[in-house]
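What follows is a set of structures for review.
Two complexes, one shared chain (chain A), two partners (chain B, chain C).
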Partner chain A sequence: MTADILIQVLVSGLLIGLIYALVAVGLTLIFGVMDIVNFAHGEFLMLGMYASFWAFALFAIDPIVALPLTALLLFAVGVIVYQTVIRRILKAPMLSQIFATFGLMILLRGLAQFFWKPDHRLIPHSLVSGNIALGPVQFGLPQFVAALGAVGVTGALWMFLHRTRLGTALEATAIDREAATLMGIDGQKMFALAWGIGAACAGLAGGLIATFFPIFPEVGSNFILIAFVVVVLGGFGSVTGAFLAGIIVGLIEVLGGFLIGPEYKTAIVLSLLLVVLLVRPRGLLGKA
Partner chain B sequence: MTTGTNSSRKMAGTAALLALAAVLPLAITEPSQQNFLILILMGAQMGVAWNIVGGYAGQVSLGHAVFYGIGAYSSTMLLTTLGLTPWIGALAGGLLAAVFALAMGWPCFRLKGHYFAMATIAVAEIMQILVTNSDALEGAVGLYLPMDRSGWGSLIFLSKLPYYYVILGLLVLTVLVSWAIERSHIGYYFRAIKDEPEAARALGVSLTRYKLIALSVSAFLTAMGGSFYAQKEMFIDPGSVFATTISIKIALIAILGGVGRLMGPVLGAVILITIEEYSRTLFGSTGSGTDMIIYAAMIILVAVFSPSGVLGLLGDLHRHWGRHLPGAKPDEVKTSTKEARP
Partner chain C sequence: MRFAAAITEPTRTPDFQANAKGKLPTRRQTIKRMLAAAALLTTTALTGIGFGAAPAQAEDEIRIGVIYPLTGAAASTGVELKAAAELAAAIINKEIPAPPGLVAGIGLPHLHGAKIKLIFGDHQGNPQVGATEAERLITSEKVVALTGAYFSNVTATASQVAERYGVPFLNGESSSASLTQRKFKWFFRTTPHDDLFVGNFFTFLHDMEKKTGDKLRTVALFNENTLWGNETTKLQVKLAEEQGFTISEKILYPAKTTQMTSEVQRIKAAAPAVIMQSSYLGDAILSMKTYKELGFSPKMLLANDAGFNDSEFLKTMGKDGEFVISREVWALDQAERNPLIKQVNDLMHQRSGVNFNGNSARAFTGIAVLADALDRAGSTKPDAIREALQKTDIPASGLIMPWKGVKFDANGQNELGQGIIVQVQGGQYVTVWPFDVATKPVVYPMPAWDGR
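Coming up: the complex of A and B.
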């Protein structure tokens, strides 16, 4: 009996952990390539959710079908953010960099509230709905599909970074910016690409969870702190690390909430951040 | 760094500013406007306190709400349960916050830059969750101060004027501490830690020790600001004193005015609180998001165009125009492009 409950808890931890991983890979990619921590990353997820919502509300396009569109849209948002704001603070003091992306976070929340009201919205009838029962273990189909999608997108990103010319150039920029520039790689272009891909990943995560998660302007705040923990645990800049760390953080969050109390689950995850920072600051797979 | 006439001119300017601040509420008698002035002084006090660790020592804390909250909860609990006067309660809260800062800084100061900033956010968020779930501290319900016990002993007043002078006094104290540090050898060590940590270490300066001094002094003063908040609002809950938005606002006030400059945060508070309050009254606060948009646009503009804050911008202008004036010494204004580097 208790074993069933434990398996149930672990499965839901795994499912949410894969979503955390997808949010975090974009964040870690941006940090790896240009040493900037993007506080507005949760807002890219929020925009992805709204993109799904409006595609559904205005054109009756299901969130799952709208995913490619969401990705394109958020890619554009990421590139625009880079070109208008981030490009100007590349050499600024760290404090300015923190506050620039922090300002972006508040700006995007404010704009969402201004145009779309602070109400919680839901997408009522998605293609994917209902529950799956595997023996004693039950989980929602939307959650399952979202987790599957997260694995697919993260896998595709990994393939892109390791198996294509453009992706390798991006990796090279992350490893050594100056050497990459000497090899003829256009740094500015790579930075813009990192922001586009990073935002698209967060947007896809938003589109995937839009089928079962309430949509509202401040929804990103639920994810950004957890995404930080995942990035730190995985090692700044490591996509594979973020993927593994996402699963670990999801499991710890759900398991900790189950054992200690759901009201403490965020505190448990944040304590993990402190422990990792103090014991192994470079994370699981980070650069030394 | 500065000539004698320049520093005496600065002293005269500060005295004039203080005299103006002392008589201002006699001219502005409308309670809501007096409240606005109090909010500016509160913001300035927090910013000057943050500046000691975030500006001079260059250790960017984004978790100062933890000290603010400790101050607010300490003095309030001591008043409501033991009937202890907030005059002592605020000191107790300050000491508790300073001890907490030592405990938190000891491990966290091994981290640099972004990592330290993130660790401070995590500490404050964890604290907010713990207090929210603590029955002894009334959890999410919050604490009320006894309104019926007004007077100077309980530091509870039914009019705004006494609050104004209390926070003005606290601001003056905070500026004096900050000024004393800036001028002492500790201040030189702080700047050395910020600008050339390796060189400072090579010369035998204990980095951790001086970072801990900066954080605990800053925590002490921030906690006193938190106690004042509780006295003025007569109600506190975890969301109003421990939230990360407060930590961010504290740091923002300093960076907006000019990080690492004595009066930078005061200017920052005047600008930030004015814009915050006016955009709120002009556009309404009820969820339209307009105040957030203006606030955010301002943050981004300062971050992108003026990393050394408004004071830095004024300094640059002064230097630029000063060159064209007869007898001007361009060296009088120190540039600050390196001020906020990690």
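Coming up: the complex of A and C.
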């Protein structure tokens, strides 16, 4: 094994890791603000992919161009889900909350299969296609653009949370809901906002990978398990943590798969989950 | 039918009036309507009492349980298999005219023209669900025989249930060799199994070496990690050793994955002449995307059917799917040798808008072979059906498969099945091997990605 191959593997790991980060950021945001685990998060990603697909198939809009639309659409989906389902179970026992989002996951999958058929689809001619070769290292332009987009979106989210009034209010709600309410922050509004942004992040991730990943109703299940590992490693509720953890998980998965054997790559990632839970249950940057 | 008619007539009118006026039907009307619907559904010669209770079973309706992945990751394949099975049933029931000579076209004369009814079960790609569905179909749906289940691991569990209950299980499309090595009494399989297919690959490579003068002795095995992929790997390793091939890399990967870079990177590093790959649809697409991303093309990509032969594969991959070589049990271009293939395929296309592929053609054939046995059995008793299956002897001319016929050995395996090898050329699967039945020459080596 040469250094070239190792660098190539690291680049591939980094690229997919950034996508994991973007998926997990939305998940961790929702959890951070209201302590609800969203099992339907992978389905938001799936909806984002289908939004891109239909924008392309019906109106010939490229997935990259359609990204703002995808984000808006998924933001709306997130808010609607909050208003119709989540708002009613805020004070319900944890088990009910789990079943509610779990049920939502099955519902969304079922609807996607019903309306759009269980077929695998691809977007055949995206604006971004082809390969980039940097010396011995090769990577696909779609993957590169997706990773770049993931960095951009996560960065924008970080800026929003730390540099704007609304974002600070959201952070405040995440840190201490009651104190935030006492300061005049509308908790309901913040919750709806968290769901909107969380879903939009997943949707954007979906739109970004739609240029190279097959689109099918079950696609969310491939990503959600990894997203949970990322959230746990990064620390529940920490956006920065999820970003770093996404990269780490991507690198470990690809590198571990390459060095130890691809048949163990899922096992390697899930062992990481176990180790984190045993050694440092609050994750890298989570609240103690 | 008489009961159904008696119930429907009086209820219909008031219901429609109520609806026309925009009122919701009363509870009584709803109950009546539901009863009428239940009676209608059970249809045909009710033997008397108790309509609307347990589904009454008519004697001239032969229920066959069909287990496929109708939801879940393989649902798109499942839906095609279902369409093919339904086409076979329609032909057997003489709802549509059959092309002359087709074995299914005979119908069920020895059962006095009885109709078969397919009862579908959905295994979602899960062996446990498959077993539960088999049990449900046998105990509560009272099916006389089972067929399915595409996934070898599901076929394994579902047929175990059938074996326990003593119900014939005819499998048309699972190719794991071990299924017919279990010495089951009630299990029959029409399709050739992986041993034969995998053996074909090596014979094909020998033939290609002779033809091109190139050495094709380094092989990477790239198989998914369920039962099918594992068994294929075992056999490939054994055959490679026996026939003087070197395995330069061996990878068993999880099919449900978000990236395949580690896999492809390892294969690329090993630089084999040939990749032998067994994948389902999603991972077949993802792996092709990854080959392209990393700019890797071996001299030859030999796919083990399944995902690479799904009709979605070429639709989604477009040009990037070109030059893949796959083993097949079936190809549309074989119609030049057997006109039945074209005729039955036209029927399929009219009904479901898709052409047959190796999977759906085998599902069709499975139902046809089962119906043939049912007819010769002249009875719906399990023992009679089993005995008839054992005596099955269908000539090649009655099938839409490139086989020599259907005849089961002591383990329930069809001895007369055989495979072909196809290559994607110009958006079509064309037969390239065995050379004597080939319709096009092999494109070799596979062109590099930037040279296409």
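The rule we apply is simple: the second predicted complex is superposed on the first by the 287 of 288 C-alpha atoms of A that agree within 3 Å, B and C clash if a C-alpha of one lies under 4 Å from a C-alpha of the other, contacts with A are read in each partner's own complex, and residues count from 1 in each chain.
To be clear about the criterion, a contact is a pair of C-beta atoms (placed from the backbone, for glycine too) under 8 Å apart; a residue touches a chain by one contact, two chains touch by 3 or more.
Computed from a prediction, not measured in an experiment: that's the story for all the values here.
Engineer: Report clash or fit for the pair chain B and chain C bound to chain A in the combined superposed model.
Structural biologist: Overlaying the two complexes on chain A (C-alpha atoms) leaves chain C and chain B clashing.
Engineer: Between chain B (first) and chain C (second), which does A:94 come into contact with in this model arrangement: first, second, both, or neither?
Structural biologist: Once the two structures are laid over each other on A, A:94 reaches chain B alone.
Engineer: Given the touch rule stated above, what does A:134 touch, chain B (first), chain C (second), both, or neither?
Structural biologist: neither
Engineer: Now for A:257: first (chain B), second (chain C), both, or neither, which partner does it touch?
Structural biologist: Only chain C; A:257 stays clear of chain B.
Engineer: A:213 contacts which: chain B (first), chain C (second), both, neither?
Structural biologist: second
Engineer: With both complexes overlaid on chain A, does A:182 touch chain B (first), chain C (second), both or neither?
Structural biologist: neither
Engineer: Would you check which partner chain A:113 touches, where first means chain B only, second means chain C only, and both and neither mean what they say?
Structural biologist: Once the two structures are laid over each other on A, A:113 reaches both partners.
Engineer: Look at A:58 in the shared chain and tell me whether it touches chain B only, chain C only, both, or neither; answer first, second, both or neither.
Structural biologist: neither
Engineer: Kindly classify A:3 by the partners it touches after superposition: chain B alone (first), chain C alone (second), both, or neither?
Structural biologist: Touch partners of A:3: none, neither chain B nor chain C.
Engineer: Once the shared chain is lined up, is A:122 touching chain B (first), chain C (second), both, or neither of them?
Structural biologist: It touches chain C, and chain B stays clear.
Engineer: Between the stretches 8-16, 80-88 or 134-142, which region of chain C is in steric conflict with chain B after the superposition?
Structural biologist: 134-142
Engineer: Across the two complexes, what residues of chain A are contacted by chain B and by chain C?
Structural biologist: 110, 113, 117-118, 217, 261, 263, 266
Engineer: Residue numbers of chain A touching chain C in their complex, please.
Structural biologist: Those residues of chain A that touch chain C are 1, 5, 8-9, 12-13, 16, 19-20, 110, 113, 117-122, 124, 131, 133, 138-140, 143, 212-214, 216-218, 221-223, 226, 253-258, 261-263, 265-266.
Engineer: Would you tell me which residues of chain A are touching chain B in their complex?
Structural biologist: These residues of chain A touch chain B: 37, 85, 88-89, 92-100, 102-107, 109-114, 117-118, 217, 225, 228, 232, 261, 263-264, 266-267, 270-271, 273-274, 277-278, 281.
Engineer: Can you tell me which positions in chain C touch chain A when the two form their complex?
Structural biologist: These residues of chain C touch chain A: 71-73, 75-76, 78-79, 225, 251-254, 256-263, 265-266, 268-269, 281-282, 285-286, 289, 292-295, 312, 315-318, 449-450.
Engineer: In the complex of these two chains, what residues of chain B are touching chain A?
Structural biologist: Contact set of chain B toward chain A: 54, 60, 62, 107-108, 110-111, 113-115, 117-119, 121-123, 125-126, 129-130, 132-133, 248, 251-252, 255, 259, 287-293, 295-300, 302-305, 307, 339-342.
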